[in-house]
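The structure under discussion is supplied below as structure tokens; questions concerning it will follow.
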Amino acid sequence: MCLGIPGEIVEIPPDQTDLARVDVSGVRRAVNIGLLDGQPLRPGDWVLIHVGFALSKIDEAEARAALEFLEGIGQAYEDELAALRDSSIER
Amino acid sequence: MRFVDEYRDADKARALSARIASLCEPGRAYKFMEVCGGHTHTIYKHGLEDYLPETITLVHGPGCPVCVIPMGRVDDAIHIAERPDVIMTSFGDMMRVPGGRGSFFDSTAQGADIRMVYSPLDALKIARREPDRQVVFMAIGFETTAPSTAMTVLRAAAEGVRNFSVFCNHVTIIPAIKAILDSPDLRLDGFIGPGHVSTIIGCRPYEFIARGYGKPLVVAGFEPLDILQSVYMLLLQLAEGRSEVENQYARVVPWAGNIRALRAVNEVMELRPYFEWRGLGFISHSALRMREKYAAYDAERLFDIPGNRVADPKACQCGEVLKGVLKPWECKVFGTACTPETPIGTCMVSSEGACAAYYNFGRFSRQRVREATR
Amino acid sequence: MTETTREQQVLERIDRARQRKARVREERITMAHGAGGKATQTLIEAVFLDAFRNPLLEPLEDGAVFGAGGARLAFTTDSYVVSPLFFPGGDIGDLAVNGTVNDLSVCGARPLYLSAGFVLEEGFPVEDLRRISASMARAAAAAEVSIVTGDTKVVQRGKADGCYVTTAGVGLLERDARLGVAHARPGDAVLVSGPVGEHGVTIMLARGELDIEADVTSDTAPLNGLVAALQAAVGEEVRCLRDATRGGVATILNEIARAAGVAVVVEEDAVPVRPPVRGACELLGIDPLYVACEGRMVAVVDGDAAESALAALRGHPLGAGAAIVGRVRDDPPGLVLLKTAFGGTRIIDVLVGDPLPRIC
Amino acid sequence: MTETTREQQVLERIDRARQRKARVREERITMAHGAGGKATQTLIEAVFLDAFRNPLLEPLEDGAVFGAGGARLAFTTDSYVVSPLFFPGGDIGDLAVNGTVNDLSVCGARPLYLSAGFVLEEGFPVEDLRRISASMARAAAAAEVSIVTGDTKVVQRGKADGCYVTTAGVGLLERDARLGVAHARPGDAVLVSGPVGEHGVTIMLARGELDIEADVTSDTAPLNGLVAALQAAVGEEVRCLRDATRGGVATILNEIARAAGVAVVVEEDAVPVRPPVRGACELLGIDPLYVACEGRMVAVVDGDAAESALAALRGHPLGAGAAIVGRVRDDPPGLVLLKTAFGGTRIIDVLVGDPLPRIC
Amino acid sequence: MRFVDEYRDADKARALSARIASLCEPGRAYKFMEVCGGHTHTIYKHGLEDYLPETITLVHGPGCPVCVIPMGRVDDAIHIAERPDVIMTSFGDMMRVPGGRGSFFDSTAQGADIRMVYSPLDALKIARREPDRQVVFMAIGFETTAPSTAMTVLRAAAEGVRNFSVFCNHVTIIPAIKAILDSPDLRLDGFIGPGHVSTIIGCRPYEFIARGYGKPLVVAGFEPLDILQSVYMLLLQLAEGRSEVENQYARVVPWAGNIRALRAVNEVMELRPYFEWRGLGFISHSALRMREKYAAYDAERLFDIPGNRVADPKACQCGEVLKGVLKPWECKVFGTACTPETPIGTCMVSSEGACAAYYNFGRFSRQRVREATR
Amino acid sequence: MCLGIPGEIVEIPPDQTDLARVDVSGVRRAVNIGLLDGQPLRPGDWVLIHVGFALSKIDEAEARAALEFLEGIGQAYEDELAALRDSSIER
């Protein structure tokens, strides 16, 4: 539950260790990163934002893997559709 | 990658949809509960049901933090807000939620100073800016939100801000799921698990569901493809005879959750022995309150509150809807006496509420639309 | 009885409930009554229309159209209470001029003359009033209208928010087109003249409370030139025009569906939304379709004229981002449906009040 | 140099100072800027006229008169911020309708259509809004006008005072009379249509702060019938009409003297003032000539037509208390002089702001 | 009888006027000072000068309580009014009076809570209604008004109202008249005495003028015939070689004044050793302050006030006008830089001020008007 | 100085001894009569009102006497005028 939005860290001001500037589609806001204490963060990293706090760092490898799985399914589906088309033509 | 649009792709949805259809046993009806109101919102907002076979029913669960706040707590908050020295702060979601004596919006119209904030930190900022007023934060939300409240209290304490306090209404989802699993009137085939709660608590707390109750649970993200994939994963478990906790949302949810966040919550708050959930009644150990140590930040201790239980309106069937026993439109007052402009139950208020989501987004005949647009 | 039949019955029951005469249930005015959504409609119908009822007011269009001394005229008014008064891309002054110019334009009239009534809060800086007046003058010059009459009132400190402006306007109908939301019919195309939600997002961010920054500026602009371009191209084919203000494009589409008894089917993919508007809306959990514009309009044109209309709009600087966003259908009447980018279908309803920032 | 000559030179120096371009010296708006007196005039001329300048606005009459599509029209607006909203004899609703009807009427137009813009304070009782609307509807019916378009805004609690209403109106000029304060000429007669100051005193007492009771009710009324009666009788002879509102009759007389470059000489004895208005003004140390009316007008007519004009006014129920109060003369130009009941002479000047209750 | 209109009768005025003319010695110029601003107001408002021969000049005196308040005291009052806990209350007359930093009206435009009252009792009423605020009454006025302030303080004390206080600026007229009599640059033939002050102090206090300075004084009412009659009475004294205190206003003024009122004032207030009068400088024993006993009601004691002297603007010649040395129009800035909308001196603010009265009512050439209306 | 207005007492409420309702041309206000303590007041009496207090009771006999004096002057003036007219006719 609860609205969480992915955002990209664009700046971690050196003087305020628990704040990061985060970008969402060109929109920027300061976000508290105190809950990710101990996790290395730098500009370019993506975090999940909820009520002004970063709740977790987004794992791009996992994201990519999941998308590949989805694409795999998509591909298999296309193949099947193609097969279906071929078979119906044969019929 | 924006981690958003990628998961709204219609082509991939069609492919998943075909897979889902092929996994369904002919003649078998499936009932999956999406525990989380965020999922309910996504499902209706994107028209996800158009991709599901008629034999799969998505049942909406209790996971809307606004919907489960009992009317008495709203009245208590308004009671505090009406003090001339108090500035009440709240997420926008709470503004229209009716208690026994009206909503926050009704209260502002009568002179209470209630302000919407985006973050509890914004409430703290107001407290710093207006040192002569008492700034109270109406804290609602599941495990997702409690850490932010806790962090804000810790910061207030560190800075010595003395005019800030929290009216704590944080609830925990596991006892609610357990209550539903134990209720006799519902047969479910599996759960779409709450993704954002899981960023904090991780996936382990759900294992009792898979092991003890034999129901598969897939922790899911909030884009429509996330949910569709979770349905696929649930069907796959059922097809393969498994009953496990799986994590569809691994890009965001670490299996172990967020220890730092759990520690912050544990420092500031403790479990209440019991708490009333709107529609569900009292559930043991299902909510958080401020620890004695942070009494100075606890609005419940600082202000007299009436603390009255308010019975739900007779016509209200929110409890049945929150348990997934009734579909929104099956409630007798749905869409006639109970509408978003005149909500009787809270499920009609929050856009995560099942009734509001169905009313706002799903209130049409898919069949007629299919015919009309053929 | 199957579940689908039961659901169907419920939907029909709801439909009937929605047809019923609007009734204000609240005892006191809330912010929702001014937000342009359901509560506003109810207030207008149950209080104002009920009291003032007459054939010119009844259609509740953007302006009233009538004959006087042989001329066909349009007449409209709007009050402006925006906060902050100055924001990226504009201020209350050009907003007040453009808003009334636009309401006249979408009536099919050429805006001619404006009035301006000011309610000023004691203590308001005279310099700010000069800025607002200068901006009104510029906007009036740009729209080729004159501000010919006005009024000033001052209220005690704490009884206003700096400056409220009410403009009214008179325009001349030079062609015979009878525009109106009730005229939409199945087969018509629905266009928007540019990206939506920019004014509303600009104002939300300009308040500073959300601590969000973005490169968004208000879209406030006079639409008379754009309307003229559209009419020149497909004059006979235009069914209705509406400028999208409070309540956004979604609210207008609902007014069309309800007044004409048709369904409006919108393609989510086709609705132009600029990235920062999308980003801000995501962060706040709101839908850009409900967010206010101040220089965009919705046009319903005969389906066959859709492409010519689009070309005409795009040929004008203010319509460069125009798009065909949907079609009018016959069923289900009164509803606005969205074909989502994801490929699903859902309703776009009228909001009760303002879209609230949402965290859960 | 004699004292009289020196005094004369000073008076001429003052006269020149008064001719100079108005300049707003204050940095912030004060209540005086809304009171209808000098400060209001200065604000309007130095800010609004300066920014919007155009030939239709320039005369700063009660409304603008222009041609459109072959018709000659009048157009006006006023914002209403009266407190209390309900008072003996009326409320903000009929005030807002009558005020705009009157501004059109005194332009020589037949009022046809009105717009209404509402700014409501969050928390305002809906029942009060119904009362106001009902009263607007009744006033519109009485004046034979229709409210054909409108707008509603809601502001947060503490940003308004319950309800502000802005009406604008369109009227049709059916005869060719060109009315204007600049048209007054020596020899003309000055009439008022009834006892003065009743609205203003009613409002002051209705606020309750002064703890004064009196049988006074607002004079709010639509003047279109009365104007029609006057025009029917002496149409060609009417130089100008003005409804007396903020600033009272005194302010209008000064506008006439200034715009036409004439002297207006008023007989104090001839000015109708009802006893309780006189009593309240005495208690508060203010002059009824500066107190607002909302259903009285000043008419300047050719001197030879004075008696016919008076008869025409008195023949209408709203003009039963009409009187010839003075004459236009050529010297000293720009001044309004009062022949006091006591037999002396003094100036009636424009007030800076509101007439203040005075104890010493 | 209304005791008003009877004294505005033009026929009687013409008769008196003829008598006055017949009493004037040919070739002799007369200068009478009307001490009181109320008289000045009446004279201009009714056009009384039209009834006087050119040889009689009415000279305006210092008797406008608003005009004599020095700028520093206005600043002090504004300083108090700007405190967020304070509601300042004032007669309408004071609202536009400029201090060094603007007027009460300027202050309200910047957020101060300053309210007009008709009576000090109304200020006390506000204090009762708003017990959380400090209500301060800006007390101005001569002996006429001081008793009302004193009675209000006594009532506040009797009722135990603790949030009401008085910023006391009451002044006394006798020392001011004495200062004028002692000033070398003015030759006067007699005084029109202040009628309403005399309701309180009676007629005896003026005897030193008649006896010591050999100038006749007639205590006069405020209707135009009252003043005309007083001029007649002064001329009669001069013609008969008398120099006495006479009471034209016997219908209202008892020879002995109002003992009850003097007692109330004496209970609550005491003479200040000295007080600054605008334009006239410091005058000994010319003003009242609250007694120690009523310190709890004394705003001067309760609030820190800057107490700065503010020099009058260079161009300002109010002092000369208040002493009757200059006619209003003889001031260099009269009507150009100094107007009612931009007053430089206080005499241009109060409608009792000689400059304002002349500007508002008398600013025209009687000769031209006589010609134009011939 | 200071604005003083004559008003007629219309009522002295028995419960509030220091207040009287006073009428000025049909306008009524409660006025404090504490400063007239000891003077008998009753409806029909006139008082001089200043900032909500009655400062003195108006002496109608004195008022009448003053008016008679003024009328006397007026009469004398009329007589003189008449005499003047007669004499000019005679001349």
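Per-chain residue numbering starts at 1, and chain names A, B, C, D, E and F are given in the order in which the chains are listed.
Rule of thumb we're sticking to: a contact is a pair of C-beta atoms (placed from the backbone, for glycine too) under 8 Å apart; a residue touches a chain by one contact, two chains touch by 3 or more.
All values derive from a computational prediction rather than experimental measurement.
Peer 1: Would you pick out the chains that touch chain D and also touch chain F?
Peer 2: Touching chain D and chain F alike, sorted by label: E.
Peer 1: Please identify which chain has its centre, taken as the mean of its CA atoms, farthest from the centre of chain F.
Peer 2: The chain lying farthest from chain F is A.
Peer 1: For the interfaces E-F and A-C, which has the higher count of C-beta pairs in contact?
Peer 2: The greater number of contacts lies at E-F.
Peer 1: Just how far, in Å, is the C-alpha centre of chain D from the one of chain A?
Peer 2: Centre-to-centre distance between chain A and chain D: 66 Å.
Peer 1: Can you check how far apart chain A and chain B are, centre to centre, with Cα atoms defining each centre and the answer in Å?
Peer 2: From the centre of chain A to the centre of chain B is 22 Å.
Peer 1: Please work out the Cα centroid separation of chain B and chain F, and write it as a whole number of Å.
Peer 2: Result: the chain centres lie 80 Å from each other.
Peer 1: Suppose each chain is reduced to the average of its Cα coordinates; what separation in Å results between chain B and chain C?
Peer 2: Measuring from centre to centre gives 33 Å for this pair.
Peer 1: Two or more other chains in contact with one residue: find those residues in chain E.
Peer 2: Residues 4, 9, 14, 37-38, 64-65, 91, 108-110, 118, 122, 141, 144-145, 225, 352 of chain E each touch two or more of the other chains.
Peer 1: Where in chain F do residues touch two or more other chains at once?
Peer 2: 1-3, 25, 50-51
Peer 1: Which residue numbers or ranges of chain D touch two or more of the other chains?
Peer 2: Residues 26, 28-32, 122-123, 156, 210-211, 282, 285, 358-360 of chain D each touch two or more of the other chains.
Peer 1: Could you list each pair of chains that touch one another?
Peer 2: In this structure, the chains touch in these pairs: A-B, A-C, B-C, B-D, C-D, C-E, D-E, D-F, E-F.
Peer 1: Chain B touches which residues of chain A in the complex?
Peer 2: 1-4, 6, 25, 32, 34-38, 46, 48, 50-53, 55-56, 58-60, 62-67, 69-71, 73-74, 76-78, 80
Peer 1: Within the complex, which stretch of chain A touches chain C?
Peer 2: Chain A reaches chain C through residues 1-3, 5, 7, 23-30, 49-51.
Peer 1: Show me the residue ranges of chain B that touch chain D in the complex, using the header's touch definition.
Peer 2: 108-111
Peer 1: Which residues, counting only chain B, touch chain C once they are in their complex?
Peer 2: 4, 8-10, 13-14, 37-38, 44-51, 64-66, 91-93, 95-96, 105-106, 108-110, 116-118, 122, 140-141, 144-145, 224-225, 327, 329-330, 334-336, 339-342, 350-352, 359-369, 371-373
Peer 1: Chain D touches which residues of chain C in the complex?
Peer 2: Interface residues on chain C, with respect to chain D: 24, 26-35, 40, 43-44, 47-48, 50-52, 54, 56-57, 63-64, 66, 68-73, 75-81, 112-113, 115-127, 129-130, 133-134, 136-137, 140, 146-156, 158-161, 164, 166, 168, 170, 172, 174.
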